[in-house]
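Common to both upcoming complexes is chain A, partnered first by chain B, then by chain C.
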Partner chain A sequence: MSKVVLKGLSKSFGEVNVVNNIDLEINDREFLSFLGPSGCGKTTTLRMIAGFDMPTTGEIFIGERLVSSVDKKIFVPPEERNVGMVFQNYAVWPHMDVFKNVAYPLKIKKTGADEMKERVLKVLSMVKLTGMEKRYPHQLSGGQQQRVALARALVMEPDVMLLDEPLSNLDAKLREEMRFEIKDIQRRIGVTIIYVTHDQAEAMAMSDRILLLHNARVQQLGTPRDLYERPENQFVADFIGLINFLKIDVADRDARTMATFTSSPETPPFEVNLENTGKSSEGGFVFAVRPENVKLVPPDSSSIRGKVTKKVYLGNILDYRVALGKEEIRVEASSGEEFQPGQTVGLRFESYVLFK
Partner chain B sequence: MLQRKIKADPFILGGTFVVIAILVVFPLTLLFLNSFKFDGAYTLQNYATVFQAKRNYTALFNSLKLGLFTSLFSILLGAPLAWLVTRTNLPFAKLFRTLFILPYMIPPFIGAIAWSQLLNRRNGYINRLIQSIFGIEGYVFNVNTMPGLIWVMTLYLYPFVFITVAGALERMDPTLEEAARTCGSKTMKIMRDITLPLVAPSIAGGALLVFASSIANFGIPALVGMQGRVFVLTTMIYSYMHSGGFNGIATASALSIMLMAISVGALLINNFYLKKKQYTLISGKSMRPKTLDLGAWKIPCLIVAIAIVFVAVIMPFFSIGLTSLLDAWGADITWENLTFRNYRYILFEYKLTKDALKNSFLLAISAATICMVLGSLIAYISVKTKIRGRKALETIAQIPYTIPGTVVAIAMILAWSGNYGVNLYNTFWILLVAYVAHYVAFAVRTTSASLEQIHTSLEEAARISGGSWLTSLKDIVVPLIRPGLVAGWFLIFMPTLRELTMSILLWGPRTVTIGVAVFEMQEAGYVQISAAFATLLLLIVIAGNLLVKWLTRGKVGI
Partner chain C sequence: MSIKLRYLLVFIIPAMLLYTVFIIYPLFDSLILSFFSWPGVGSRTFVGFKNFQTLFTGSYAKELFNAFLHNVYFFLLLILLELGLGFLIALMLASKIKGAGVFRVITYIPNMIPLVLVGFMWGLFLNPQVGLVNQLLKLVGLGGLAQPWLGLENTALTTIILVNVWRNLGFYVLVILAAILDISPDLIEAAYIDGANNWKITWRIIFPLTFSTFRTLAILLFIWSFNIFDTVYALTGVQAGPYRSTDVLGTLFYRTAFGGLGSGAVDMGLGASVTVFIFMIVMPVSILYVYLVEKRQRSA
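Showing the complex of A and B:
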């Protein structure tokens, strides 16, 4: 039950910089995810917080305690940080039964037998493993082993729990189930969780905030809604959900900011809002629009026209490809008039983002 | 996945069953029966006789003692060294890893000779050194004793423990230990609670291999023990066979069955019990375990590592090399006393060594080739066909390797010395038959491993294209498994070239082998020429190993 603060945290292996100058405050009881493609430095950051890797520069606070500082030459070893950790491959000890695995942190702390039993049974019921105390890991399914790992981290009542892709080895159905359970447990006991994943849906579903990493750098920090609706750069927009990118040329005309598609200059100019780019209002931009934010209308209802090339019925939505000049964009329609391939349609952009 | 099986030529396949029956089943059955045969009747008399004589008793007891202590010391030496090279920041860990395995490459009887030269009571180099330094009379060490035997055996066999433990430590998922750290455990406690319990089955497995091998070994107890009248089962059997006599072979048979029971028992425990307990420690991601910083212990550990390499590798090599250059054994080591004459003698003048080289090369090449042909057929039958009894065939073919060579040799003598119409006694052929029987298991193992990687459809495609079974074998299967075949051939060639345990019981006046020649010269007291011959053999072994390593791109060999 603590906040975690990272200040100017970096890590290099030899010449390679794998974590670059991260500043982050994780609030008490927050569920924060590190999200990003494989190799972007998520695990390395998590391991620095756990104390398995020594930062090259920067400081880490857990609660009020400075646990790692390069300048002040402070480094608290993992066993003294009181963080719980759940590993991707469970790391459940094969030579101990479930009870012994979960009781281990308490044994180290020399907890009395009665209290130990009570606490172990309590967390086992929390992760729905009641009655499995005497089983050995090889007698458990992957999901159950993952629950043991979770229980082992919970039983020590850690200040913060670190989870490194804990669900990636489970099958899809179990994964969804565990998402809710982890979230539920966190709500009940109010522990701070730092959760590593490369799965954007998982991060969106569980997190209070997401730290999106790419190429060792922070791309954006924000709520799932921030990341989806207000991506700060093209990478974020592309990584979270589906999006169309179209090049546009922008020019001021009669005090209005007008854009034309670079690949189809014959389309009449349309007005855009440049506020969120904060850039000067001339030149080339990238126009980013999510498929569900494009509305298809009859050709005479919009000056921007395209031609339907493909249509796929997906039950809840119709998935269109629409040719716009030389480019093709994806449109998801959940209501409105249905168009056929070959038809000319009008396009209306309901919400979009511009990138320089 | 269920693989479809292929129909194959019944003549060739049936022949394989017959050959294995003749090569393995027949001799071993005879040995078993013969151990009960006394004065033409089947009784327990031989076993009773065995237990009446105190020397047999003592030999049995000595074998067990040798096996147990060698295993114990191998654990004490091998396991910490394995930890040191895999889990700490010991400098040159990779180099040490190779060096620590090296003693196993030295043929055991050569190690025995080296240690006899170093530690023998009368004029061992080390005893002489101690005498001259401290100015004392008499000896400090005597290798021709049980402790001497255990010492030499441990230095030869500890690599088994070292290799299995190093492998387990290296493959162990590092997060298993890291998880314990986040639970609040410190390094030493993690070693006790997590690391040690997880590698314990591997330690025990390595130790059982050491146990079985030390009990089956002949060269070391023969060259080190017999001079001090310390007998173990293998040397006792040898001396019964050597002294001849009709009941000699009966007693030898009974002792052989006992020897076999002990060593096969140890291997069975390993296969059926420990192998199952060896936890799956491999992690999904191959992350190398973090190494422990030795800190102030770095230099002391390095010194210990160097000292062990010095004692286990450099000293024996040096001793053999030095002795091989001596003009007169036992005299002071001076420039005048050094010569290459011994080499000229063994290479160009001495009939015994020239014959031995010729015979051993011929035997090793023939045995390796025959083993590979036979072994591939067996592997093929077992992996690629659905002939009934194919698994039994594979298992039977593997048996002789798990049995001590001494026992195989006795079985061969019983089967092929004329009692059943074929007399190969004292000929080249009996050696060849014994080598093939003992080593065909290697061929089966390496080939079946490669065959399992070839999908049946590749062969089926060849046959659909109109090829016969033999054509598809020749054009598709053999080329695909060729690297495995080459490696397997060398894996048989190398040990048969230096074989002693079976050869010493089977050789005849015209079929002396390298191992036998070294043994006989050593027994006769031709210390320098036997050392020269041993050095030559060592060079061949090293060259062979480098060649295999090069051919298999480092997958096989030390």
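Showing the complex of A and C:
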């Protein structure tokens, strides 16, 4: 139907490898984001799915159809892949009015005039641009142009839609509005969407699953919750949300696993649980804990002590900096006792992840 | 403030002086001269509209009309070849074929050769006995087509036009190429994704978006076509080929004003009236050109 499958997909420009061996199965009707910093390979991967760039190795399936295979020397050109695409810069043709822009894919397929009109008007109402048919792109705002681009991709009723950072050029408020609209349309029509973005909040808000990329490699594939609560490596932990990293040394003592801070071994050790890491309990680790998972308590209530160095009132939360030995961590508190800079506090780690 | 004005004048006046002496003054002088008869030396005789009468209804009418038609033919063929071929070649160069960069340079090289030299070179190439063109034809077995290209009425003018195209094509290719490359690749990729093939993209996306460039080039071609002189003079002389078959307004003027073999009496005034005629044809189009450029600058 409208699954998309990537097998061993790579792309290199000469010596430079920009996409490294991606295996991915995108389910029918799924909203999947390619997320990552600039230069990680997400746009190149999208373009290979669209057919604008030729892979160096690997295969691409759209639906049941093999559209690209380096070994079998198969390459279906973009005009025959029946995917819809929305570009970052909208790519609306300046010499055609809104109606003609949106109708263009239908015109190519030689759709009858009546059917064309019906479908164009239907899709324009979906993106809330009814009444704008005769306007030209230069008479429209950025957000409106983006909606024309969206309508044009939708009118083909494609199985798969590819969106390349479509909201990057819009202001923050409009971006949030459009996020809901796009997600809403996707749910209603049931189209599979592959969405490229560098904005993690956007990816988290819209996606069923996220593929996080960095330096041409897949860092993690999972739901937003998976990536946030169970990051598989330090890059993922750092890229999504805020997090504190502390180097610790771990040793077994009396059937308990105890950790001390590498930079200040004089501070009392605290217990850690290594079950989920599947690693032996000796050696150095990186202790990763999110600011909201560090609880500040009166100094007597915890063996781990720190000193508050900074406190910022942000309305809904208090943003603390707390010195732990020689390190400083960030703590967010939304309730509970307040502490002042200079005060010694106890710390309790509610949830954390360990990396080797 | 007055100091600024002084500096302004210091910079402008020399240029304005040159402009007035070499362009404004001769322009008006020619205009006035067209109402006189003047053999080049001696005194001018006022003749009113007699020169124009001679040109349009009198003894020169046939030659004038003949030359005028040749200019029109020049224009039409140039539009077809320079813009048509230019567009095709520019499209090829834009599509990133291997060697596009080299080919671009090669296309432009003839453009760097001075017109008169081009005329001279091709005069040699087109020599019926020893010229390269006929030699080449014989070499590939098309010897039957070898003929005195510049010596036959039917082929002379077209041959000259082809030489012109050879020389100028590079310029048009570069300008059109720049206009094509100006189009954001997104616009073209969006068309591919929507299912369009190369043919549709060329005519429905690329051409409409480069149309204003074609319009400007067409105007320039018009002005060029009616001012043509160098190549015709260099290839077929001022007598303009067999039976005046390559005569254009430029060569007609030259003959009338400065004379040449068998061209009758020399009359600068009559020559001036030919230039007035050319000016009247070219001026409205030039104004149109300036208007269009201004309009684009204002809206830019």
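Here, the second predicted complex is superposed on the first by the 355 of 356 C-alpha atoms of A that agree within 3 Å, B and C clash if a C-alpha of one lies under 4 Å from a C-alpha of the other, contacts with A are read in each partner's own complex, and residues count from 1 in each chain.
The working rule: a residue touches a chain if its C-beta (ideal position, glycine included) is under 8 Å from a C-beta of that chain, and two chains touch if they have at least 3 such contacts.
What you are looking at is a predicted structure, and each value in this text was computed from that prediction instead of being measured.
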By the touch definition at the top of the document, which applies to A:Pro55: first (chain B), second (chain C), both, or neither?
neither
Let me test your reading of the model: by the given contact rule, A:Asn169 touches which partner, first (chain B), second (chain C), both or neither?
first
After lining up the shared chain so the two structures overlap, which partner does A:Phe87 touch, if you call chain B first and chain C second: first, second, both or neither?
both
Once the structures are superposed on A, label A:Pro78 by its partner contacts, choosing first (chain B), second (chain C), both or neither.
both
For A:Pro269 in the superposed arrangement: first (chain B), second (chain C), both or neither?
neither
Where does A:Tyr104 make contact in the superposed view: on chain B (first), on chain C (second), on both, or on neither?
both
Chain B and chain C footprints on chain A meet at residues 50-52, 77-85, 87, 89, 91, 93-95, 104-105, 108-109, 149, 152-153, 156
Chain A residues touching chain B in their complex are 50-52, 77-85, 87-89, 91, 93-95, 104-105, 108-109, 149, 152-153, 156, 169
For the complex, give me every residue of chain A touching chain C.
50-52, 77-85, 87, 89-91, 93-95, 104-105, 108-109, 149, 152-153, 156
Complex contacts: residues of chain B adjacent to chain A
173, 175-176, 178-186, 189, 193-194, 197-198, 279-281, 283-285, 290
Applying the document's contact rule, which stretches of chain C touch chain A when the two form their complex?
184, 186-187, 189-197, 200, 205, 208-209
